[in-house]
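I've put the structures underneath this note.
Two complexes are shown next, each including chain A; its partner changes from chain B in the first to chain C in the second.
Up next, the complex of A and B:
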């Protein structure tokens, strides 16, 4: 018991996870989302918030698992994660040491949600994620540039623009948004909602709502459409080898 | 137990019995129980509870917001309609819990107003979660919701039957005042088997 406690302390002090993750302040603004939510045709207003500079790494996630052993892959309740959860790790509580700085993947939405809450943070909303991901290294909104758009085709693969460790940060100072891994967002389940019912409308409208919960302002933005399609196909307990996450904090 | 006439021998025996791993396992929450989410909730009477406190009895649960004038009253009406089809003893054995997706506005007082307006009996709990727990609770119940710019919400309207340990047994989309007969049958069956 004593030795295992010591081990924990040593790990916590020697690993990068012990130093607080870097958050970057993001100034909010009005933003034309590629997604058009029903009943919301105009710009979306993104409030000031802070976003982790990099995706949560396997080493950081290991520190969380050691502190919250109910999130070990051999103990996690079936409600919270499918059988792929942390399946790439070397042990129930340890990633492959050679890969430990890579973004943590094979992580369910519930696990990502719990990780961020443990940091007094939360998962970013889709709108926040999309707002920051519109930036290239020079411009906060590079989406009209066809060259930038084409680069995004490789999102979620090892050929992605942000996949290399030395890829430049975007104009906000954020890294890896277009990396080898996709990322969970807090409200991913709202991206497509077949069974949504509108709160304040008549019966016919309810039928209509069910079919058209969501549409797109910009069908040319294929990289974003692809991401929405991926996230909307997920269940909150699903895991993928190229789906990780980062956390956000609201401005107090 | 301590005042039992059979004295210390029984106490020791009981103590041993409670140490048996099999009993500990039986007491453990199933891995697919929605009560694996430990959320702090405030009921309409101001009472604080944690989601595992709901454990022990079958329950029909849903999520709603009180500042809603169509689907949310239908959710409650549909829950009441389920109750109406139960015998007196079945009625007393079933809890109903409705969790707010709008904790900023759904104070205990606002929830009490809803309970009063609908003449809800003591089996009903209208619950306000912490703001940070709404998404997690909605995720385990597979209820989707989205805030609209005008202050309303799009949301899944559904009744969900949980067994005494919080496992989802049945779902019924709320489309009108009357619940799906199959759902009611499942509720009755569950109440029989959990006696």
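Up next, the complex of A and C:
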């Protein structure tokens, strides 16, 4: 309660952001998610939306912090960001200039959400993120290709398929979804399972992920399972050195 | 009421509530002989060792509070000659650090996940009585640490492993190790103790294909390992890393099997195990040639090294040994004893088959 009240105060004091980032129109469609929400193991429908072509960079995030100084690391309330928030920056309002084009990391969900709202945007939902991330450079859904799937194991490390700056865009024209950094999604907290994840108390249905009605349609898709494991470990104020974000916009 | 009866009343009440006798009343004798009483003395920091070494016996006659500090480290290490692998480790080694406590100890477990890890990790210790073996309690993000406390209720040699999804992958990448809970009297004294743990590994490239080899999910699901290894690397127990003993010494091997898939037919060529504490428990079998160690299980094997030689540790599911790497050596030095073993006594051509006498 306290959290949401404070949040509204912060939101009210924020002003529209400056630099327009490149968004790519994503045509919606029916999609079989690797994860399964309770009672729904059929296709999910993703509506048309737009997604940032690449993850928000440190330089872009700096512009936001300069306009919204309540999100500086020396001013952000502890409710909204843990002690790791922007800890890789060389100053409270400045990243290392040499690395400023790299995806912004050490950003909490609250901060990422505020950034996107300041862009008149929002964080993508998990389903939207997964829908676009299913693509490789040639195919919109490359998930049945075991070679592609295996390459995704390195997500979140410097060996990830999109970690190199010159990695090609995927079939939608989106870059870096499988990069050295993981990415926040707006509804990450619905991915929460129990923290053991083996669902000892509820048998097969929960064999792969926790007790909040989430299971897996595709047990071979370990790469996505790793991502869900990571996101479900997070609190909205948590930050990580390999967790960044990008924004999305619904079609008006 | 007299002062004496006040004390008696208090004592009776404390006993009824199951509270340890207050310090003012407890005698040292009483406290030292009851394992269920309050923990004695200052907390002890557990000595952790990388394989093949084992921490020294606890040498305690009473339970204690023991603090374990273990860090998860993801790192590239050799898996074979010219081949590397991105291992995920407990304490920087595969298998992870050996932990040694005593039955009745209260263990405060601190799990740290290194800042440069890319995944959250946790730990399920089979020595723990309680939900998930501690996995729930140790859900640890990169750059974070968690803590939980358990009582080591049952003596034995137990596997621990990471239980984060995808569980199989965390284990396949090396996230397992052993924790020994000594019985109250300790284990029988031996001259040498070693830590050996088998694991199966799945790489995209074939056996011996050089360079950094990524994990292969297909092979892991099919249970077709590229490597089957002792202590996480081919050659980890050979050459100048061979285990050593002198003839006449007694040796105890703490043998674990991290899996994730294969069970092990553990055997030492040229030795007979005098004792095998089957499945790492309290009962032993005697005079055993090969002992079966399940994935996620263990055994303690003991034997006396009577005569010198190179004794070869193998998985007697034998193609693994010579084609996938499950090979270690125990080098025993000392005086030969031809009353036990002569070595080759002669070699000659055998006479040609005789002509039929008829």
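Here is the rule we use: the second predicted complex is superposed on the first by the 213 of 252 C-alpha atoms of A that agree within 3 Å, B and C clash if a C-alpha of one lies under 4 Å from a C-alpha of the other, contacts with A are read in each partner's own complex, and residues count from 1 in each chain.
Throughout what follows, a contact is a pair of C-beta atoms (placed from the backbone, for glycine too) under 8 Å apart; a residue touches a chain by one contact, two chains touch by 3 or more.
Only a predicted model underlies this, so the values are computations on that prediction, with no experimental measurement involved.
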{"item": "Partner chain(s) touched by A:30 [first = chain B, second = chain C, both, neither]", "value": "neither"}
{"item": "Touching partner for A:229 - first (chain B), second (chain C), both, neither", "value": "second"}
{"item": "Touching partner for A:91 - first (chain B), second (chain C), both, neither", "value": "neither"}
{"item": "Touching partner for A:187 - first (chain B), second (chain C), both, neither", "value": "first"}
{"item": "First (chain B), second (chain C), both or neither touched by A:47", "value": "neither"}
{"item": "Touching partner for A:164 - first (chain B), second (chain C), both, neither", "value": "neither"}
{"item": "First, second, both or neither for A:78, with chain B first and chain C second", "value": "first"}
{"item": "Chain A positions touched by chain B in one structure and by chain C in the second", "value": "195-198, 200, 209"}
{"item": "Touch list for chain A against partner chain C, complex", "value": "84, 146, 149-151, 153-154, 156-157, 159, 194-198, 200, 208-209, 220, 222, 225-226, 228-230, 233-234, 238, 240-242"}
{"item": "Residues of chain B that touch chain A when the two form their complex", "value": "29, 31-34, 36-37, 65, 68-72, 132, 135-136, 138-140, 144-146, 148-150, 152-158, 173-174"}
{"item": "Chain A to chain B touching residues, read off their complex", "value": "37-40, 77-80, 109-110, 113, 117, 122, 186-187, 189-190, 193, 195-202, 206, 209, 213, 236"}
{"item": "Footprint of chain A on chain C - complex, ascending", "value": "86, 115-116, 118-120, 122, 124, 131-132, 135-137, 139, 141-143, 163-167, 169, 204, 214-218, 221"}
